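Shared between the two complexes below is chain A, which pairs with chain B and chain C, respectively.
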Partner chain A sequence: MPALPTLQEIVSLAVRIITSRTFLEIVFFPGLLNVTLSAALLTWLERKVIARVQLRIGPLYAGIWGILQPIADGVKLMFKEMIFPELADAKLLMLCALSLMLLAIAPVVAIPFGEGLVIADMDIGLIYVFAALSLFPSVILLIGWGSNSKYSFLGGLRSLFQQVSYEIPMWLSVLGIVMLTGTLNLSEIVKAQQNVWFVVPQAVGFAVFFTAGLAELERIPFDLPEAETELVMGWMTELSGIAFMLGFLAMYTKLYLMSALITALFLGGWLGPSILPGPVWFLLKTFLVCTVMIVIRGAFPRVRVDLLLKAGWTRLLLLAIANIFVTVVLILLGLGWVWRV
Partner chain B sequence: MGAKGRDPIRDAPFESGQTHLGEARQRYMMQYYPYLIMFVVFDVVAMFLFTWGLAFIALPLSQDFLFLVFLVILVAPLGYALYLSGKTEIW
Partner chain C sequence: MPDVAFVALSVLIIGSAIFALEAKELIYGAVGLAFSLIGVAGLFILLGAEYVAMFQVSVYVGAVVVLILFTIMLVRRESGRIVEEEEPGRLGRMGAFVAGLVALAVAGAMILLVPVSPEAPELHRVLLRDIGVSLASSYSVALVILGLLIGATVIGGLTLAKIDREKRTDGTAQ
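And then the complex of A and B:
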């Protein structure tokens, strides 16, 4: 019979786990703390930038420039009563809101925030991120169905159609990068960009990915699932209190990680002049992409449902396929070595 | 953390202040349903394209072009499916 571990052994094991690099990465920098704090910061940034676009001031009183506003909102939502309609499935709603947040955080595992600064350096990192993103519509549809409210149901259905339609152009727009580098590992893809960023040879792919990304994020001009003027708050209508906070934060987490993905795939990730360390460059680029998406929200109107779906299946898909052909020509011209790892 | 209470008006589903008309889980005309079917088909194709893209440099050129021809052929059924999806009256 093996001897039971002594208290000292257990404590030393716990200390070893807590001080291990993987644990610190999961809890602090590329992991949970980074993602939740950035998502909270993005809610503030969005309100501030949109206010600037509309000649308002935005949050002002909580902290300097109102930067503590997200924390104030979080505390308020936590102390609010959770009201679920009598016809709704409250347990399902709570569970879905929770799993939405978990799904939103999931892609961070594979995204490299710096040289070797990635929780799991997977060889199929890109596929993993896409798999995590493509689970969203089903959970959102469940929220719409579980709310048993007409606005939520319509919002959930619209979200399903939209995300499903824009997934394929999104995948195919990245295929050019996969062909040039011959790998699905995101760290390798970033390293391949040390000569020229992929936004130059894959400009069409970048445009398609950015547009499809906006549609996946359900942001203006593709915010049909929560079109405020028609559907109140879309699939989030019947969520309240902590459930609403989770759903809301999940959307901003998704925005942050989608921008991080765009940075890693097209904008050279952590690469940049050595004035600043790599992770700082990565965060700067990511927040720049986020800001562009936010300004787009302030500047564009909403598109119609059928036009949205048709544009995704015709123009974006054909552009993505054209991008594949451009890549083939690039490789045939013998320019492939520029992006070889 | 907040207090719990029950009230018939507060617990009703939100319908812009009107009295709600009961269940939302009723028959709903999904005129965009064909797009879902198209996704099921082209999703698989897109995933297979990834395996091809990974091996693009390793494969001989003649076999690469076979797949490009396949990609071009795919546009015809895609166009027809889109034409049928556009006719919302039959769905």
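And then the complex of A and C:
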């Protein structure tokens, strides 16, 4: 029977855990604080950029340039009453909203925000991120079902179709990178781009990944699951108060981490001229990708359901497979050494 | 520490499996199954097979559970109606008896055949690269056969879908 630890031991252990690098990483920089703050900032950025695209001004009064608007929104939503329809499954809805947020944050564990600045440097980081992304459709479908509302249910079904069919081209489009580098570790994939970023040899893969990413994020032009002219707010229709805030923030968190993934895979991650430190480059590129996605929202109309599924299954899938063959040719031509780790 | 994790995961797996079987609402059963499968992925991580764990999550929880949910939602019965449990027939009882015997036999064989040692065995991690190399060299035949199987499945699915559509244009299957 081992002796019970004394109070001093417990305190010193707690101090050691709190000051350890992993704990700080989880709580502050690549972890929770970074992700939630960036997601909140993205809601502001989205309003501001969309306003500019439409020749409006956007949020203005809360703080300088209205930058405190997300905080005002958050406080408002937190104090709002949570209203669930009478026949809705309130417990299931709360559970799903919570797990949506958790799933949206999960990929941050494997994404390297700087050299060695990653919570868990996994050998299979890429598969981990995709595994986390593949859990979204079931949760969204459950929200749609649990709301007991036709809008939510149709939104959930649409989301399921869309995410399941765009997941396949997404997985296939990164295979070229995996073949060139011979690793699934995201840090090593970034390091392999020392000479040339993957956006150059994998331009087709990048295009497929970006398009499939937009579809996974349910953003315009692929925002059918929450088409507001048809489905009110899609699967989020019956969420309110904190549950709505969680669902809404989860979608922006997903946007942020998807952009971070694109940065790490195709845009050289933290690599850049040494005038700025690596993490700053990473954040700059990530927010640039986010801004492009937001401008796309301002510029394009929504596509039709049948065209969306057709494009996914016939065009993107073929392009992704063609990209794999082109990569094989690149390797056979002896150009593979440029990106070997 | 692994013991604590093992016990917690076992409680999660068995608890949610029982919940899945006992749930009155079919949807809850699917949710319970999802949690149970996530727990199994956790066991794979404890065994040092992260690769298998990730595919367990993305294939079983991400795809199979979605399929189950989807089927339940398409074949919708009125919510709130409780399924009447039928008394199992003679065949059912015999089936349960045989299944129990087989499970007991497997468990007994595992306990008898695998030597039990008080110390945990040395955990050796297999590199993903090594798995890939052995898949492409010594297990290449199995890989090709799996590919053929999946291809045949896809073609079969497409054929079924096509027959359905042809009927519909004739107006026979309305």
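Simple rule for what comes next: the second predicted complex is superposed on the first by the 340 of 341 C-alpha atoms of A that agree within 3 Å, B and C clash if a C-alpha of one lies under 4 Å from a C-alpha of the other, contacts with A are read in each partner's own complex, and residues count from 1 in each chain.
The rule is simple: a residue touches a chain if its C-beta (ideal position, glycine included) is under 8 Å from a C-beta of that chain, and two chains touch if they have at least 3 such contacts.
Computed from a predicted structure; not experimentally measured.
Once the two complexes are overlaid on the shared chain, A:Leu117 sits clear of chain B and of chain C alike. When both complexes are overlaid on chain A, the residue A:Gly182 reaches chain B and chain C alike. When the shared chain is aligned, chain B and chain C each come close enough to touch A:Val164. Within the superposed three-chain model, A:Trp145 lies in touch with chain B and with chain C [touch as defined at top]. Once the two complexes are overlaid on the shared chain, A:Asp306 sits against chain B while remaining clear of chain C. Of the two partner chains placed around the shared chain by superposition, neither chain B nor chain C is touched by A:Leu283.
Once the two complexes are laid over each other on the shared chain, residue contacts for A:Val328 go to chain B alone; chain C is not touched.
Of the two partner chains placed by the overlay, only chain C lies in contact with A:Tyr128; chain B stays clear of it. Touching more residues of chain A than its counterpart among chain B and chain C is B.
Of the two partner chains placed around the shared chain by superposition, chain B is the only one that A:Pro85 touches, whereas chain C remains out of contact.
On chain A, the surface touched by chain B in one complex and the surface touched by chain C in the other have residues 87, 127, 145, 148, 153, 157, 160, 164, 182-184 in common. Interface residues of chain B, counted against chain A in their complex, comprise 1-5, 8, 10-16, 20-25, 28, 30, 32, 35-36, 38-39, 42-43, 46-47, 49-50, 53-58, 64, 68, 71, 75, 78, 82, 85-86, 88. Residue ranges of chain A in contact with chain B, taken from their complex: 78-88, 127, 145, 147-153, 157, 160-161, 164-165, 167-168, 171-172, 175-176, 178-179, 182-184, 232, 237-238, 241, 305-306, 309-310, 313-314, 317-318, 321, 324-325, 328, 331, 336. Within the complex formed with chain C, the residues of chain A that make contact are 87, 92, 122-124, 127-128, 130-131, 134-135, 137-138, 141-142, 145, 148, 153, 157, 160, 164, 182-184. Across the complex, chain C meets chain A through its residues 27, 31, 34, 50-51, 54-55, 57-58, 61-63, 65-66, 69-70, 73, 79, 127-129.
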